[in-house]
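Reading through the structure tokens given below for one structure.
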Amino acid sequence: MDELTHINQSGKATMVDVSEKQTTTRTAKAYGKVILGERVFRLVANNNVEKGDVLTTAKIAGISAAKKCSDLIPLCHNIFISKVDVELQLNEKDFSVEIFSFAKTTAQTGIEMEALTATSIAALTIYDMCKGVDKSLVIKDIHLLSKTGGKSGEYSYTGLEKEEE
Amino acid sequence: MDELTHINQSGKATMVDVSEKQTTTRTAKAYGKVILGERVFRLVANNNVEKGDVLTTAKIAGISAAKKCSDLIPLCHNIFISKVDVELQLNEKDFSVEIFSFAKTTAQTGIEMEALTATSIAALTIYDMCKGVDKSLVIKDIHLLSKTGGKSGEYSYTGLEKEEE
Amino acid sequence: MDELTHINQSGKATMVDVSEKQTTTRTAKAYGKVILGERVFRLVANNNVEKGDVLTTAKIAGISAAKKCSDLIPLCHNIFISKVDVELQLNEKDFSVEIFSFAKTTAQTGIEMEALTATSIAALTIYDMCKGVDKSLVIKDIHLLSKTGGKSGEYSYTGLEKEEE
Amino acid sequence: MDELTHINQSGKATMVDVSEKQTTTRTAKAYGKVILGERVFRLVANNNVEKGDVLTTAKIAGISAAKKCSDLIPLCHNIFISKVDVELQLNEKDFSVEIFSFAKTTAQTGIEMEALTATSIAALTIYDMCKGVDKSLVIKDIHLLSKTGGKSGEYSYTGLEKEEE
Amino acid sequence: MDELTHINQSGKATMVDVSEKQTTTRTAKAYGKVILGERVFRLVANNNVEKGDVLTTAKIAGISAAKKCSDLIPLCHNIFISKVDVELQLNEKDFSVEIFSFAKTTAQTGIEMEALTATSIAALTIYDMCKGVDKSLVIKDIHLLSKTGGKSGEYSYTGLEKEEE
Amino acid sequence: MDELTHINQSGKATMVDVSEKQTTTRTAKAYGKVILGERVFRLVANNNVEKGDVLTTAKIAGISAAKKCSDLIPLCHNIFISKVDVELQLNEKDFSVEIFSFAKTTAQTGIEMEALTATSIAALTIYDMCKGVDKSLVIKDIHLLSKTGGKSGEYSYTGLEKEEE
């Protein structure tokens, strides 16, 4: 498959017609992280220890955003979502918050964009709450971890071709 | 400033009260990139040479998303936006699309989140259009490049503290 | 069932996974009322006698809100809605507007929140239109009247346990 | 003032023209409660003791909903919001969650509807999370507690005229 | 002025930067009509005589849509709207519903698109309610009637240049 | 069929209950045009020759709007959309842009409103981008071209009854 599915013969944007595709259960997992730096990391970690609202606010933002996915991405379908989950984990090694999103549907097309949107908006929400302290936070490595279901079947991320060389 | 502005004394989420802040012109620039890998890069570059719709679709998605920012980020204010711009540049060195967003307002609070949201959604839109060819694209390095206006004044990104060491 | 379905083992918010549930026809009826006080009641009643727009505006707002339900309630699913109806009745006894909402779907999860959201937003719309005359209107007794369909089957409101004692 | 401001001479719905009104700081506080019943109350209280997500999820939903107010209420203006806050308190006396919302703006019209909408959607979110255990929860007594600013000046709720007699 | 203001030097879409424009009161009036055909016209006229909901539903849809204008039109600014009004008149001569919309703002840019969007969505709402009887309704002649305020000053529609020749 | 399907016996607005309808593949095509006048036509045509963004921006706006259809039209159902397409063609004869929209679904109700909404919003987007040069553009002749699927079967526009006489 060496053609962009969302572009027609004339190079114009086009929504894929999914009406002939199978209605099957499909899932997607996405990942991303926000590099906080040590100072912000400590504040967020303290808030988390005290079971404050930082991570929960980002989680709720991510879940809500998954449901707005087709309103944000022009050529994305408005599918029914069976489940979205967003988990945030503090990683002291690189002073980051790691974001793991999961989305599931029973539909004629996949749910990758919903999982990636949940991750992206959760990351932006972290940025928003921390920017008063440090504006240099960086959102990194947002990508699909895996997917199941649909004609193309299972997929697991193994790095972008030649990316790591 | 060593407290999270969006968290109150009890660790609970709180929107900042901006009613006493100055109404001034404020701008923000944000950056991000999508690593496409060589195969997808060629397809997108060809589409761009032929002045196809890939980059324009992502640009429009980014501009539209900036206007939805306060609907996506729970503690973000719904400010009037004077201008948003999103530029996408193909970078053959690392087979990426680089995304530069700019946002401007005359308001009581800044416009950083709008610029960052524009970048993030433009990036996701690129992912959406290319995922049929390769699902391993990675969205990287979303951060604020600079801001002007407001009490905290000018800011330019110089890397996250210790990030690069 | 003595656990909150929308909370996981760690007390964190979670959307219920409905992918294994049956796709069946489900309905829900919700109730609520707005206590207008006599003065406002007379104005609304006169408007209604003259077939003015007060009740229709609230009705349309309620129907529209049902379709936004999953955008408002973070852990609510974005289901297809077969039908929504909102009826408003003036009740001279307590100078109130009573609101009866009905929602129906063929889906893997129920439609209670859509009916309750329709009622709530219709009530707020009444408040909005009348607040210029009297700000002391009170929205009361929003609850589910009944539901059908789904694994938990039929439900009819018989009062909250011990509520009336 | 004995005419509905949102209804014109012919009884038709009309948005109030606020272009001649003063731009001043305006605030509003709203109240509402959800009667949970003892069983659900214990579950929510336990979740709260363990600093789980139930009340935070409702709080975030309320804040987000305030920003959607003009999209929900047909004749409501789309004003800039300086601040919204939603607080939820467990009240063991009547096994309820009490919801206190606050909204602030510098605008040509008041912010009552935003505070009331925040309260209503926070209440619906509580209902949503608890309905798996008990569907008979009741949302009660949503009303404006007070307002400041604007031509009509300060207002404090003292009960609806004759309501309690 | 012979350049498209929403297109930059390279032919790319661009939002106009309005930050240097004057904040003034601006108004716009827009017009459109829906040709119903005689059969549908009689049904709508009867409904109107009986003060039914057809025209009110379209009116509310139009007002609500004006507030969503910047979410619908990619390069349109999200301005505060002081007032929107939509009036629908039955015209027996050509069996049409004529739609007159009015919008007003105090902002740095005009309100033409809000008035035109109100008209367009009111027209579509009429279509929606009548399509069960006749699908051949036609929406016609949507245009700006007049505007006031802003640097370009007053404008009144006098027909498109050469349009009528 | 001589009754308005969206109006009940009392003349009140009502959403059609589609729960008993067949889930079938349904399509709709809609048409509309924007009369640009010669001056604007030349600018848009030049932009198109240079493969600028004017028509693509309108196309993306149209596709996005189709997905918001049920949020815009009060009595319209929120159906899953399998495909939307919007094509814009410059017509030098009357200095217009002609807009052809196509929408497809597998659902219990038809997709006419989505196609018509895509056309209408694409037309408004053209207006928005050109209004700086000439405010007298007119949007004309928005109507359904054809539909397939559903109980009422195929439909092709042949003009409104008596419209052309």
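The chains carry the letters A, B, C, D, E and F, assigned in the order they are written, with residues numbered from 1 in each.
Keep in mind that, in the parts below, contacts are C-beta pairs under 8 Å (C-beta built on N, C-alpha and C of every residue); 3 or more make two chains touch, one makes a residue touch a chain.
Just so it is clear, the structure is predicted and the values come from calculations on it, not from any experiment.
**Student:** With a step meaning a move to a chain it touches, how many steps does the shortest path from chain D to chain F take?
**Tutor:** 2
**Student:** Between A-B and C-E, name the chain pair that shares the greater number of C-beta pairs in contact.
**Tutor:** Spelling it out, more C-beta pairs touch across A-B than across the other pair.
**Student:** From the centre of chain A, which chain's CA centre is farthest?
**Tutor:** Of all chains, E has its centre farthest from that of chain A.
**Student:** Pick the pair from C-E, E-F or C-F whose contact list overlaps the A-D contact list by over half.
**Tutor:** Matching more than half of the contact pairs of A-D: C-E.
**Student:** When the C-alpha atoms of chain B and chain F are each averaged to a single point, how far apart are the two points in Å?
**Tutor:** Once rounded, the distance between the two centres reads 32 Å.
**Student:** Let me have the rounded angstrom distance from the C-alpha centre of chain A over to the C-alpha centre of chain E, please.
**Tutor:** Computed from C-alpha means, the inter-chain centre distance equals 38 Å.
**Student:** At least two other chains touched by the same residue of chain C: list those residues.
**Tutor:** 12-13, 16, 50-51, 53, 56-57, 59-61, 64, 68, 71, 74-75, 80
**Student:** What's the contact topology between the chains, one of line, ring, star, complete, other?
**Tutor:** Shape = other; not a path, cycle, star or full graph.
**Student:** Per the contact definition, I'd like the list of chain E residues that touch chain F in the complex.
**Tutor:** For chain E paired with chain F, touching residues are 1-7, 10-13, 16, 32, 35, 37-39, 43-44, 47, 50-54, 56-57, 60-61, 64-65, 68, 71-76, 112-113, 116-117, 120-121, 123-125, 127-144, 147, 155, 157-163.
**Student:** For chain F, which residues count as touching chain A in their complex?
**Tutor:** Chain F residues touching chain A: 25, 56, 59-60, 63-64, 67-68, 80-85, 104-106.
**Student:** Provide the residue numbers of chain A that touch chain D in the complex, in ascending order.
**Tutor:** It is residues 50-51, 53, 56-57, 59-61, 64 of chain A that touch chain D.
**Student:** Mind pulling up the chain B residues that touch chain D in the complex?
**Tutor:** By the definition above, chain B touches chain D via 12-19, 70-71, 74-75, 77-80, 107-108.
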